[in-house]
Structures are given as C-alpha cells and as structure tokens.
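Here the structure comes first, spelled out in structure tokens, and everything after it is commentary.
In this document, chain identifiers A, B and C correspond to the written order of the chains, with residue numbering beginning at 1 in each.
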Amino acid sequence: MLDNVAVSVRDLRVSINNKEIIKGISIDFPRYAVTAIIGPSGSGKTMLLRSINRLVELIPDVKVSGKIWVRIGDELHDAYTLDPSYLRRKVGYVFQKPNPFPHLSILKNMTIGPMLNGIAKGKKNLERLAEEKLKEAGLWDEVKDRLNDAAWRLSGGQQQRLCIARALALEPEIILFDEPTTGLDLYNTKKIEELMVRLKEKYTVIAVTHSVDQAGRIADFIAFIYNGKLIEFGSAASVLKSPANELTELFITGRVLDGVKV
Amino acid sequence: MSLKKLRDVVYTGLAYLSLLLLIIPLAWIIFECIIRGGYYIVSRPLEFFTDIGRPPGVEGGGIGHAIQGSLYMLGLALLIGVPTGMFAGIYLAERRNSPIAKAARFVSDILVEFPTILVGIVTYIFLASKVTGILATGPAAFAASLALALIMIPIVARSVEATFLTIPSEIREGAYALGFSSGQVIFRILLPAVKAGVVTAVLIGFAKIIGESAPVIVSNGISNFWFSKWTEPAPSIPVLIYVYGLSPFKEWQTQAWAASLFLLLLVMGVGFLARRLTKKLL
Amino acid sequence: MTTVRKSIFIFLGGFALFLALILPLYFFGELYGASEFFSKFSFLDFILGREWSLSEQKYGALPAIYGTLTTAGLALLITMPVSIAAAVAMTELLPEWLSEKLGIIVDVIAAVPSVVVGLWGIASLGPFLSDTLYKFLVENLGFIPIFQTTTLTAYNKLTAALMLGYMITPFAVSVIKENLRLVPMEIKEAAYALGLTKWEVIRITLSYIKPGIFAALMLALGRAVAEAVAVSMVIGNTCSFSVSLLEPACTLTTLIINNFAEATGIEAAALIGLGLVLFVISILMVLVSRLIYGKLLGGYMR
C-alpha cells in the first residue's frame, strides 16, 4: 500500500442492536495531513471515527465488520488484531465534550496515561513530558503556575486543550478529533483549529466536524458522509469548490441538514 | 504486556472472590437455620407456633408467646409510626423548602444511622424508668413499642417523601386548578396516586423493626411468658432468639434456630413484597 | 378557604416538627438519664477511667471505648476491600441481569436480623474459626502480640470484627455501587482512549468516586459502632486492654445490653453515660460523612 496512507478503511460496516449505522465505507486517510469528515448529524461520522481506535467496542451489542489498517511506524497493521490498548495509545482521541479526569490535578491528567502505559518512568521524566506536551498544545503558559489544581477548575476551552495535550502525551501517530470545538467560545475554537493545523507536521489528524466552514479552515482533505456511506472524498479545495455529488453540494451550501432536504 | 494481563486476571479473580465472601456466609446462615431448626418446626408445627416456651431442660414447647408479644409490640409501633412518618413525609415533600422541612430532613438522615439501642434507652428513661420516667412502670412493652415506632418514623418519612416527589407537578397543579383545598389535593388526589409507594415505605420501615432486639431488651427487658400488660415486659421473637441462643440448654438452642428460620423468612417475605411493589411502580 | 388550605399544613407540619425534635429529644434524654451519674462522678474520670466494675462501683469507660474502636475499626478494615471489590464486580464486570440478582442477595444480607447473625456467630462461625484459623494463628504466628492468647476461645475481638464486617458490608456495597453508577461514561471513555486496560480504567473510576467511598465507609463504621446484640453474643464480654485480637473484650454497646435490664440507680445512670459516648461518636461519623459528600457534590460532580 501507499506510503502516504495513515489509515485505510475497507468496507467498514458497524451495526448496533442489528441496526446498521455504517454501511460499507472504504477510505484512505493521508498521512501528515488534516482530513475533515463532514456530514449531517446521525450520518455515522463519529461512529467511523470511533471504529478507527476501536472505542466503538465499548458500546454494548455492537458489531463491526470490514478491515481497518492503521500505520504505526513504517507498517500498516490490522487494527482489529492489535491489542486495543496498544492501538489506542498510537491513535489518540479527543472527544466532543471536554473530558479531563476532573478530580485529578492538571499534572496528573497529563502523566497518568504515560505512567500506566510505561511510556515514561520516574517523576522527573513524566513531568518533563507533561511540560513538553502542554507547550505543544499551547496550554503551558496558562497552567504552569497551577499544575496541581484539579482539572475541573479549568475553563471549558482550557479543559479541551488539556485533553489534546493528554492525548499527545502518549506520543501517538494519529489523532482523532470528534467535533472538538462544540460549545467553545471563538477564542478557544480558533486556538484549537490552529493547533490541529500545526499538529499535522508530526501527526496525522482526522477530525469530525459538522461545520463546513471549519472544515474549510483546517482541512487538506474532506470526506462527506451521509446516511452511513461515503459520498465524496477529495482535496478540500475540490470538494468545497466543485463537489462531484449533488448531495455534497446540497450539504455544503446548507441545504441538507440532519438528513432532511430543506 | 503479559504482566499487565496477568495482573488484570488476578484482580478480576479477587473481585469475584469478594462476591463469594458475601454469599457464602448468608448461605451458611440459612443452611444452619434449616438444619438445626427446620426439623423442629416441621415435626411439631402447631406446638411451635402456638405454645409457650418450656422451662430449661424440659422437652417441647414453642414460640407462640413470642409471636404474640411481637404482634402486640409491632402493632402498636405501626399504629404510632406509620401515620407520624407518613404525615411528616408528606410535609417534607409538599413544603420542601420550609425551615421545618429542612430541619426534619437533616435530622432524619442522622436518625436513619442512629444506634437503635439508644432509642430504647431514651424511651425507658422518659417513660418507664422508676426514677426518671413519667409512668415509672419499670421495663415495659409499651416503651419498646414506642422505641420501635421512633426507629421507623424517619425511614417511613423519607421514603414517603421520595414517593410524593415522583408525582408530576402537573397533577398537583391540575388538582389545585379545579379549586380543591390542599387537604383534598393531598388526601384525595396525591395519596391515592402513590398508594403503592406509601405501602412500600411502610414495608421498608417495618422490615427494619421486625428483627430489632437491642432497643427491646433495654426498654422492655426479658420475658418468657405470655403478653399480659403493656406496663410489663413482654416476649418477642428476636429477644427469644437472643435468650435461647445464649442459653446452655440444647432444647432452647434448637428453638432459637427454629425461631431464626421463621424470623428470616418473615423478613425476606417483607423485603420481597416491598421489591415487588417497587417493580410495579416503575 | 385560605384558612382551610393552611390548616392542613399546620397539621402535617406538626408531625414534621416532631420528627425534627426527635434528635434533640434523644440527646436531652441521654443527658437527663446520665445526670445522676455525672453529679457524683467527673466526666473526665469517667471517660479516662481504666476499669469498669459494677460490683466495685468503678465506672471507667475507656476499656469499652477501646473495645468499640478496635472491633469496629477491624470490621472496617475487613469491609473496605471486600465491599469495593464486590461493588466493582457487580457494576463493571458482571452482566446487568446477574448483577441485579446479586443486588437482591445483598439486600437480603442487609436485612438478616442482627440477633440471627449473632446466633450464627456464637454457634457456627466462632467454633469454626477457633478450630481452624485461630488455631493456625496461635500455633504459627503466636509470636506476634496481636495473636497471643493464654486460652484460645471462640469468642473474642476477631470473631466480633469478622461478624461485624460481614454485617456492614452489604450497606457499603450498595452505596459504593450507587456511586459507581454515577460516574459519567465520558470519564471511562477518556481512560479507554488513553489505551488503558479495563482494570486501569476501573482504577481511575474508583479514584473519581473516592469521596463517595469514604463517605460510605464512614457510615458503615458508624453501623459497626452502633451494633449491640450480635457483638455481645460473640465478643466474650470481658473488659480488657489486651492488644491481642484473640482475647475477649467489651464495647460500649455490649456493656449496656448485658447490664441495663437489671441495673438500677447509679449503675443504670453510668450505663446511660456510655450511651452518651456512643451518641457522640455516631453523630460525628454521620456528620463527617455528610460533610465529605457535600464537598463532593459542590466540586467536580456538580
């Protein structure tokens, strides 16, 4: 397979309680680029994202078929034969709602993953790693004097950036974002969008968003998902300027919302 | 990696072991009750349930007097405890934010965890004690009944409150909109709507006092005769188990196990009823 | 019309007011009952007195306080791992239907009358332990002071603590289970997304509800302190300050339950004084537990 593919999905089907949510999606996500997955809510965007790091398996009565290949180092691995813990360490995830461990300190939020996973050992090394990743996520200056505060005391936007930093601390290869700026103010939205663009230098970024505008601002590639199927996939410029499919055009011009033509 | 897996397996094993540690003693208790006491009940059921205890060393006899005493004591306790707990509980729900409701709620939460033995001591001090008591009867059944009532009141009140709070506010508002008075709304509309919940609340309170022995021992003392007067000590099933169980006499010990089996079934029956009613409510 | 509307709440409020007054009434009753004793003996001598003997008119509460705290504390140590592990097994490991069935069993254990547990302790558990565990402890670990005893008996602090531990566990399990159910899915997802294994996720979940667990165990400890009849049946009822777990002891509640029915005059008042100590310990535990839980609700669990 091609060297520039980070995640390769083949005929992915996901059903919950025998109801098919993803109905046969095949897609190759390019390496070191930002790919935005857009589509109306309920189209299966989040489920596609969760299939990549197998978080989907936490849902009871879920069935997944098809193949997902994930690049770790120089090789593509079958995600569903890897140890899920190992996979999730290599494929980071940032959730829609900021979910730091509220009761733990900011520092502990950063170090608990690397510590339990054995990525860094010793207090010094862990703290150095935390500092480095907080800086990478652009949060260090705001929290460096209050590292021992509980995380729930941070603002929503800060919490989300902490979650990004926490994901970075595991030194993943791919980072998945699930509408990470939902409900955040403009300042934090802008900061996180800039961060996602910056991250593609070292990581592969795949981001679900329901905002076409946001996709335009951050993405190199855009995938449009509708009703559990991949409708269109291409470079951001081509998808946004001259969509090949009528449904895509309806969506990016705001005429399909939540699966209903308006 | 495999070390991690091994650790997880060990943890899972320990978690299941803890469940065994919970279940085994219960099974053991039930087993002993059946083995040591079951035979006595089955072999002479009439005598066991209706006859009085024999003196030590004499074969035969039953716990009829203790059942009778328990019925009297629990009866009076229910008579006092149910309305008091229920009315207080309704007030807690319908006047949520009044200072009295707040104080009563705070106190209830403490009382639910309060040592029951102290409740018996207090009713004894205020009423039964020959020195400090108003009625100065000495240890007496009514003091025990009152203690049991006091133990169940906060439990009933809090459960009734919780039940009333499940009523959607539209029903309440709808009833008031029809021009009913508060009394009519509460007793004609709301109370019938949560009948099952109130019965459950009473059962929960009742289950708590059926097996109580400590408050009864300190306020009523110990008796092995038929119930005679409210101002005298009366027998009861839990206290009979206590006395017979501690005695060195084989016959009494056997009957302690038999009485335990009976009491256990009673408590489990009440719990079963309460659970059934709760399920019906949902 | 308005008077009719109000009068019903005056009626109901009377009962609520009575409920609110029960606790002060208890406190006053205890003080009143113990007053005769404290008019003759100083409170300090009572609380620090090292000997309790009705026949010699020596009323020192210290051995009973020691017995209560050691047995209840030991019971807590037993409950802590078992109740946490059982709650985790029921909420995180087992399927819903099985967990529900086990929940019923836990409720049944909680409902077993303490006198029945006591009977089991005196006739089954105690003799069994002394033939097996205690014999082993004395023969093999007898050099450790807590396992030293001159005459091995079935009725001692350890029997009482094991039995008490069993009695308070179902309550702790239920409360910890409730707390575990309140943990938001997002927290678990976040942990899984960090590549943590199931038990590492559970570890984070448990740290999330730590104040809830603490509050639950505090209440469980309060119940162990308050238990009277079952303890009195197996603890051996001999007051002592022995550090050995295999020696008999007495507690606040056992002294009361064993002597109150026959006590008169100053003796009864002294026993009520023990009740006063029990009163204070119990209230403190409930209040501390509530304080912790209140803090939790004001913090990240809002």
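Some notes on this structure:
Here is the rule we use: a contact is a pair of C-beta atoms (placed from the backbone, for glycine too) under 8 Å apart; a residue touches a chain by one contact, two chains touch by 3 or more.
Just so we're clear, the structure is a prediction, and the values are computed from it rather than from any experiment.
Just count the C-beta contacts per chain pair and the biggest one is B-C.
Of all chains shown, the one whose average CA position lies nearest the global CA mean is C. Ranking all chains by how far their C-alpha centres lie from the centre of subunit B, first place goes to A. Here the CA centre of subunit A is 49 Å from the CA centre of subunit C.
For the pair subunit A and subunit B, the distance between mean C-alpha positions equals 55 Å. Chain geometry summary: the mean Cα position of subunit B and that of subunit C are 18 Å apart. In subunit B, no residue touches two or more other chains. Contact with two or more other chains is made by residues 197 of subunit C.
Contact residues on subunit A toward subunit C in their complex (touch as defined above): 53, 55, 58, 84-90, 92-93, 95, 97, 99-104, 112-113, 116-117, 150, 152, 163, 166-167, 170. Every residue of subunit C that touches subunit B in the complex is listed here, in rising order: 1, 4-9, 11-23, 25-26, 29-30, 32-33, 36, 81-83, 85-86, 88-90, 93, 102, 104-109, 111-120, 122-125, 166, 169-170, 173, 197-199, 202, 219, 222-223, 225-226, 228-229, 233, 253, 256-257, 260-261, 264-265, 268, 272, 275, 278-279, 282-283, 285-287, 290. Those residues of subunit B that touch subunit C in the complex are listed here as 4-5, 7-8, 11-12, 14-19, 21-23, 25-26, 28-29, 32-33, 36, 83-85, 87-88, 90-92, 94-95, 98, 100-101, 103-104, 106-111, 113-119, 121-122, 125-126, 129-132, 139, 150, 153-154, 157, 181-183, 186, 207, 210-214, 217-218, 221-222, 238-239, 241-242, 245-246, 253, 256-257, 260, 263-264, 267-268, 271, 275.
Those residues of subunit C that touch subunit A in the complex are listed here as 184, 186-197, 200, 204, 207-208, 210, 299-301.
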